[in-house]
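Here's a structure for you.
Letters A, B, C and D mark the chains in the order given here, with residues in each chain numbered from 1 onward.
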Amino acid sequence: MAKPLLSAADVKGAWAIIPTPSKDNASDWRATKTVDLDETARVVNGLIDAGIDGILSMGTLGEAATMTHDEKLDFMRALIDAAAGRVPVFVGTTCINTRDTVALTREALALGADGTMLGVPMWCAPSLDVAVQFYKDVAEAVPEMNIAIYANPEAFKFDFPRPFWAQVAEIPQVVTAKYIGVANLLPDLAAIRGRIKLLPIDFDYYGAARMDDSVDAFWSSGAVCHPLVTTTLRDLVAQARASGDWSAAKAFMGRLGPTAAPLFPNGSFKEFSTYNIALEKARMDAGGWMKAGPVRPPYHLCPEPYLAGARKSGQMWAELGKALEAEALGAAA
Amino acid sequence: MAKPLLSAADVKGAWAIIPTPSKDNASDWRATKTVDLDETARVVNGLIDAGIDGILSMGTLGEAATMTHDEKLDFMRALIDAAAGRVPVFVGTTCINTRDTVALTREALALGADGTMLGVPMWCAPSLDVAVQFYKDVAEAVPEMNIAIYANPEAFKFDFPRPFWAQVAEIPQVVTAKYIGVANLLPDLAAIRGRIKLLPIDFDYYGAARMDDSVDAFWSSGAVCHPLVTTTLRDLVAQARASGDWSAAKAFMGRLGPTAAPLFPNGSFKEFSTYNIALEKARMDAGGWMKAGPVRPPYHLCPEPYLAGARKSGQMWAELGKALEAEALGAAA
Amino acid sequence: MAKPLLSAADVKGAWAIIPTPSKDNASDWRATKTVDLDETARVVNGLIDAGIDGILSMGTLGEAATMTHDEKLDFMRALIDAAAGRVPVFVGTTCINTRDTVALTREALALGADGTMLGVPMWCAPSLDVAVQFYKDVAEAVPEMNIAIYANPEAFKFDFPRPFWAQVAEIPQVVTAKYIGVANLLPDLAAIRGRIKLLPIDFDYYGAARMDDSVDAFWSSGAVCHPLVTTTLRDLVAQARASGDWSAAKAFMGRLGPTAAPLFPNGSFKEFSTYNIALEKARMDAGGWMKAGPVRPPYHLCPEPYLAGARKSGQMWAELGKALEAEALGAAA
Amino acid sequence: MAKPLLSAADVKGAWAIIPTPSKDNASDWRATKTVDLDETARVVNGLIDAGIDGILSMGTLGEAATMTHDEKLDFMRALIDAAAGRVPVFVGTTCINTRDTVALTREALALGADGTMLGVPMWCAPSLDVAVQFYKDVAEAVPEMNIAIYANPEAFKFDFPRPFWAQVAEIPQVVTAKYIGVANLLPDLAAIRGRIKLLPIDFDYYGAARMDDSVDAFWSSGAVCHPLVTTTLRDLVAQARASGDWSAAKAFMGRLGPTAAPLFPNGSFKEFSTYNIALEKARMDAGGWMKAGPVRPPYHLCPEPYLAGARKSGQMWAELGKALEAEALGAAA
C-alpha cells in the first residue's frame, strides 16, 4: 500500500484484457465458486512469460457484472498472487453506486491490486457532472489506487465527451483509460494534456500510433487467443516509430485487421455489446490458448450464428499467431 | 411464506410508488445507514390510511441502485412492518446479475415481502432470450415470491416487446407490471392473455382505462405528493366505468395532466431518466406531504432549472390535492 | 377555388390512403409516364362506392418522393377527376424546400385538389421553429388549400412534439393530420384545442376512439386491400359510441389487429420505414382488390422475407374482408 | 463531354466546399433568382488564385435542398464559367429520387461540370442495396460524369458501412468521396482498394494523413473563411510526409483545431446538422472573405447562441489566416 501511484508514462506497451475463467457449471444460477482459479493463474503466468506489459480484468467480458462478491475476491487474489508484482495488474471494481464501488476498491487495494479499471454506475445514464464526480469520489476515498477509466459507451450509457476527459485529467489517480475508437482521439489527447495514457484497442493501435506519437500502449482482448500476435503488434509499431518506416507495421495490420470482422455481428458495436461476454469468451475458447469457460447468468444465451462468427475470429487470430511462430522459426533457421 | 401467490385480478386500484426516505447526509459517499426509517413508517401508514391499494418500492426513484445491502434490508423491514399486511407490499430486488438477484429476493421473501418489482440486469443490454430467462430463473429460484415486471426501457436497455410479454405471461409468479405508455397497450394486453395486470402511470390511467376495460389499476409516484389526487383518479375512473359517463373523469384529467409537464425536462423521457431520482425526490419534497430527502451518490447532481421544474410539478400536484380537499369539505357542508 | 376551407369537424369517418398505381416498367429508371391512370380512376371510384369518406394520397407509400413532376400532375388530375367532388381529396405536395412546395401546392389547387397531405422538408432535420414556419409559409402562400399535417417521424426527422401541435393549430388551413400512435394522443388533443382532426391509423382507431370522444376519423392504407374492413371498423366504433356498448368493436379489433404484425419487419417501425413503399405495395397487391404495381426507384429493392410478411398482411386483411362479406350475406339471408 | 473520367489519383490537395451565395431577400419564400452570381464568380476566382485544388458545391451548406431548379442551373453556369477548367468543379445533383437525379446530372454535364457530389435520396432511409443501386443507376445513366460520394449520415439517413464502400468502389465514375470522421478510415480504405480518394474534413486531415499515406486530399468549408489556412494545412502535411518530420504540421493543428469547437452546438454533430446551413453561412460571413448571404427557406431559422458560436468559429479561422499572412511577410522580410 506504500507503492507510489503510477504515472501515464508508466503505462506502456501491450496490456492484455483477460476474462474470468469459469468452471463448467458456471451458466447455472445455482452454481457458486465458479471461478477456475487454476486457469486464472496459468493464464497470468502465460501472458507475463509471453511479454505482456500489464493486465486489465473484470470489465464487461471479465464478468464484473455477474460474479458474486466472494468470487470477485477469490479471482483478485489468484490474479494478484500469480502476477506477483511482475507487471501492473488492474482489477475491476465497478458497482452500481459510489459507496459499493469504494468498498470494493478498498478490498482490491488491500489484496494488492495496482489499479482498478473502473466504469460508471449504469442504472441511470450519468450526466457529465455525475460521471466526473463519481471518479473524484472514488479517488478521494481510495487515494493509493490507480484508476483506468473504462470508457465503454454502450455499457455505461455515456459517451465520454471531451469535457469529461479534461476534467478527469485533473485527478492524479486516473493514469490510463481503456479507450474506444479513434474518431475523437486527437482532440481527446489535447484535452488530457498528457496526464492519462489512452489505450486504443489492438485493431486501432496502428492508426492511433500514427496519428500521435504519444500513443505507445494499447489493450488487447485477443492476447489470450495467442499473445504473440499482441506483442508482435507492439514491437512492429515500436520499430516503425524508431525507424520512420511503417511498412512492416502496416503490412501486419493487413493480416490482423480481417480477424476483427467476424467478431462483430452485422458490423455493429451495439449488437456486439448485447452479446459481448458470450462472443468474447467463445472467441477466446476458439483461440485454443486458454479456457475461458461458460458465461455466467443472465448473459449466457447468444444466437449460434453470432457465436460462430466469434469463434471464427478467434481461430483466425490463433492461426496468425501460429504463422508468426513459424516465421520466427524460419528467420532463426 | 405459506401465502398463496397473488393473481392478476388481485392487483387493483391505486398503487403508490415510494422513494427510500433519506437522512440529511445521504448524498455524502461516506455516509452509512442513510435510510430514514421513521419517515418510512410514517409514509406507509399515511398511504394506507389514505386508501392506497398497494405499495411498490425500490425501483429507480426508490434508489435500488444506490442503497447498500444493509440499507436495503433495513428499509424492507421498516416498510413491511409498517404495512403489517394491510396492503400488498412489493420491494425491489433488481441486481446486476441473476445470482445476486436470487439471493436478495430470498432475503426479501424471508422478511415478509409480498413481491418484488424486478428489472433486468443492465450492464449489457439484454436480448429477448436473456430477459425472459432471467425472470424464469428468479421465479424458479423463489417460487413463493410475486413478481412485478419493472418495464423501464431507459434503465434496462430493453424495449419490452410483445414477444417478451407473451413469454413472461407463462410464468405464474409474474402477476403485474409497472408499465410505461399506452402506445402498445392493446397489443400487449392481447399478448398477456389476462395473466398479468399491466399498471400504467397515473397520467396515462384515464386513457388506458378507456382503451380497455381490463385496465383497473395503475401506479403513481405522485401519490406521495398528496395521496388524495391518486385515489380521486382511481375513484372517478371506477365511477365512470360503472355509469358509462366519463365526463367527470375526463374533466379531472384536465386538472391532473398539466402537473406532468414541468417534471420532464424539455418534454423528454430520456432526459428525465438521466436525472430521474433527483427530479422525483425534488418533486416529492415540494409536494410537502413527505420528506424524500437527499439523493444518494452518484446521482445527487442535477441542473437547478430541471429541479425547479420538478418542484413546480410537485407543488401543482399538492395544490390539486388541497383543492380536492376543499371541494370535499364544500360538498359535505 | 372559391370553395370555403374545411373545418376539423368536416373531417370524419374512414379516410383511405392510396398508392400511386404504376405500370409494369416503373422500377426502371429509364421509364417515364409510369402512372397507371386507369387503375387510379378505378380505385377512386371503388373506394367511394364502398363508402370511404375521404382520400389521402402522395405520401410515402404514394411515392411522392419518386414521381416526376409530370407524373404528379397526371396523377392528381386523374384522381381529382375520378372523385368528382364526391369526397374530399387530398394530394401530397411535399418537396424538399418551401418554394417548390408552394409552387406545387398552387398547381394542385388549380387542378381542384381539396387539400394537401404535407410533410416537412427532410434534407436537414427541422427544428421546431423551422417546421412551424414551413406550414405557416405554405398556408400564407396558398390560403385556399386545406392542409393535413403528415406526421411521420421517420420520414421527416421530426418528432412532432406538443408545442408543434399547439402552434400549427393556429393556422386555419391546417384542418387535419395523418397521426401516428396513441402514446401522446391525449396531451396532443389538449394542445390542438379542437382545431385539427387527428387521424390515427386504422389499427389504433378503436383505442384512440375509446380514449377520447373527439376521435371520429382515421386513416387506412389497408382500405385498398379490401375497403369493407375499413368501413366496418368505422361503423362499429360509431355504433359503440352511440350505444355505449363497445364489445362488438372490441371483438372486431381482435380480428383486425393480427393482420398488422407481419407488415412490420421484426416489429420495428424504423425498419418498416426503410422499406415502407415496397412493403405497402406488396401488401396491397396481395390484397387482390387493386393493382398497386412496382415501386419506383431507388426504393424498389426489398428483402424477400420482408415482402413475404407484407403479402401475408394483405392476404389476412383481404380474408377478413371476405369473411365480413359472407357474414353480411348470412345476416341478410 | 469528351473529357476522360478522373481517377482517384487525380483528386489531390485542398478541395474547397463552397456555399451558394445569396441575395439579401433569399430567406423570403416569395423571392426568386436568389443566387448572387457576381459573388459566385468572385469566390471561385479567389479560391483558384489562392491555390485551391478543386471545388465542391451544392451539398447541404450549398443549399441543394432549397434552390429552385432554375437557380441551380444559373449557379452551375456561373461556377463552371468562372473556373474555366483551371481546377475540377463538382456541382451537386442530389434529388429525392433516381430519375430526377439522372435528369439534373445530365444537365450539369451539359453545362460542363466535371463531377457531382452526390448524396442518396433521403425521404426513406436507404438500405444498403438501395444506396448502392442508386449510385450504379446514376453512373450508368450519365457515364461521362465523375461522382463524389457525399457521405453525410445525418442528411441521408445512412451510415455508409464498409460493404457500401466495397461495392461502390466497383463503379468507375466514383472517384472520390466527401468523407466524415476517421473512426473507420483504415478499414474503409481497405474496402475501396485505392479506387476512391476519400476526402476527410480539414480538421481531421492531419490525423488521417498520418494514419495512411494514401490520404493526400481533403475538403474544407473553412476555405472560404480564409483560403490561406486551408492551403497551409495542405502544404505542411505534404512537407511532413516528404521530410518525415511532422512537428510543424502538428503544431499547426494546435492552432487550427480550436476553431472547430464553437461551430458545433454542445459538441454535437447531430445538433449541428439540424442547423448546418445557417451555422456554416454565419461562420463564412463572419470570416469576412466572402458574402455567403442569407439562408433559403425553410432552414433560415436558427437560435442566436448557436449562430454566435458559428461566427466565433469563422472569426478564429480568419484571424489564423491573418496571422499566417503576417508570418509569411515576416519570413519574407
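Here is the rule we go by: contacts are C-beta pairs under 8 Å (C-beta built on N, C-alpha and C of every residue); 3 or more make two chains touch, one makes a residue touch a chain.
Quick caveat: nothing in here was measured; it's all calculated off a predicted structure.
Peer 1: Compared with chain C, which chain's mean CA position is the farthest off?
Peer 2: Here the answer is chain A, farthest from chain C.
Peer 1: Considering chain C as a copy of chain D, what rotation angle in degrees (nearest 5) results from a C-alpha superposition of the former onto the latter?
Peer 2: That pair's rotation angle lands at 180 degrees.
Peer 1: For chain C versus chain D, what separation do you get between their C-alpha means, in angstrom?
Peer 2: Roughly 38 Å, centre to centre.
Peer 1: How many angstrom lie between the CA centroids of chain B and chain C, rounded to a whole number?
Peer 2: Roughly 38 Å, centre to centre.
Peer 1: Express in whole angstrom the distance between the two chain centres, defined as the mean CA positions of chain B and chain D.
Peer 2: Centre separation, chain B to chain D: 52 Å.
Peer 1: Find every residue in chain A that makes contact with two or more other chains and list them.
Peer 2: Touching at least two other chains: none.
Peer 1: If every chain is a node and every touching pair an edge, decide which shape results: line, ring, star, complete or other.
Peer 2: Graph shape, chains as nodes and touching pairs as edges: a ring.
Peer 1: If you look only at chain B, which of its residues touch chain C in the complex?
Peer 2: Result: residues 161-163, 181-183, 185-187, 190, 206-207, 210-213, 244, 253-254, 257, 267 of chain B touch chain C.
Peer 1: Mind pulling up the chain B residues that touch chain A in the complex?
Peer 2: Checking each residue of chain B against chain A gives 29-30, 32, 60, 64-68, 96-100, 102, 120-127, 129-131, 133-134, 137, 141, 154-155, 157, 270, 273-277, 296-299, 301-302.
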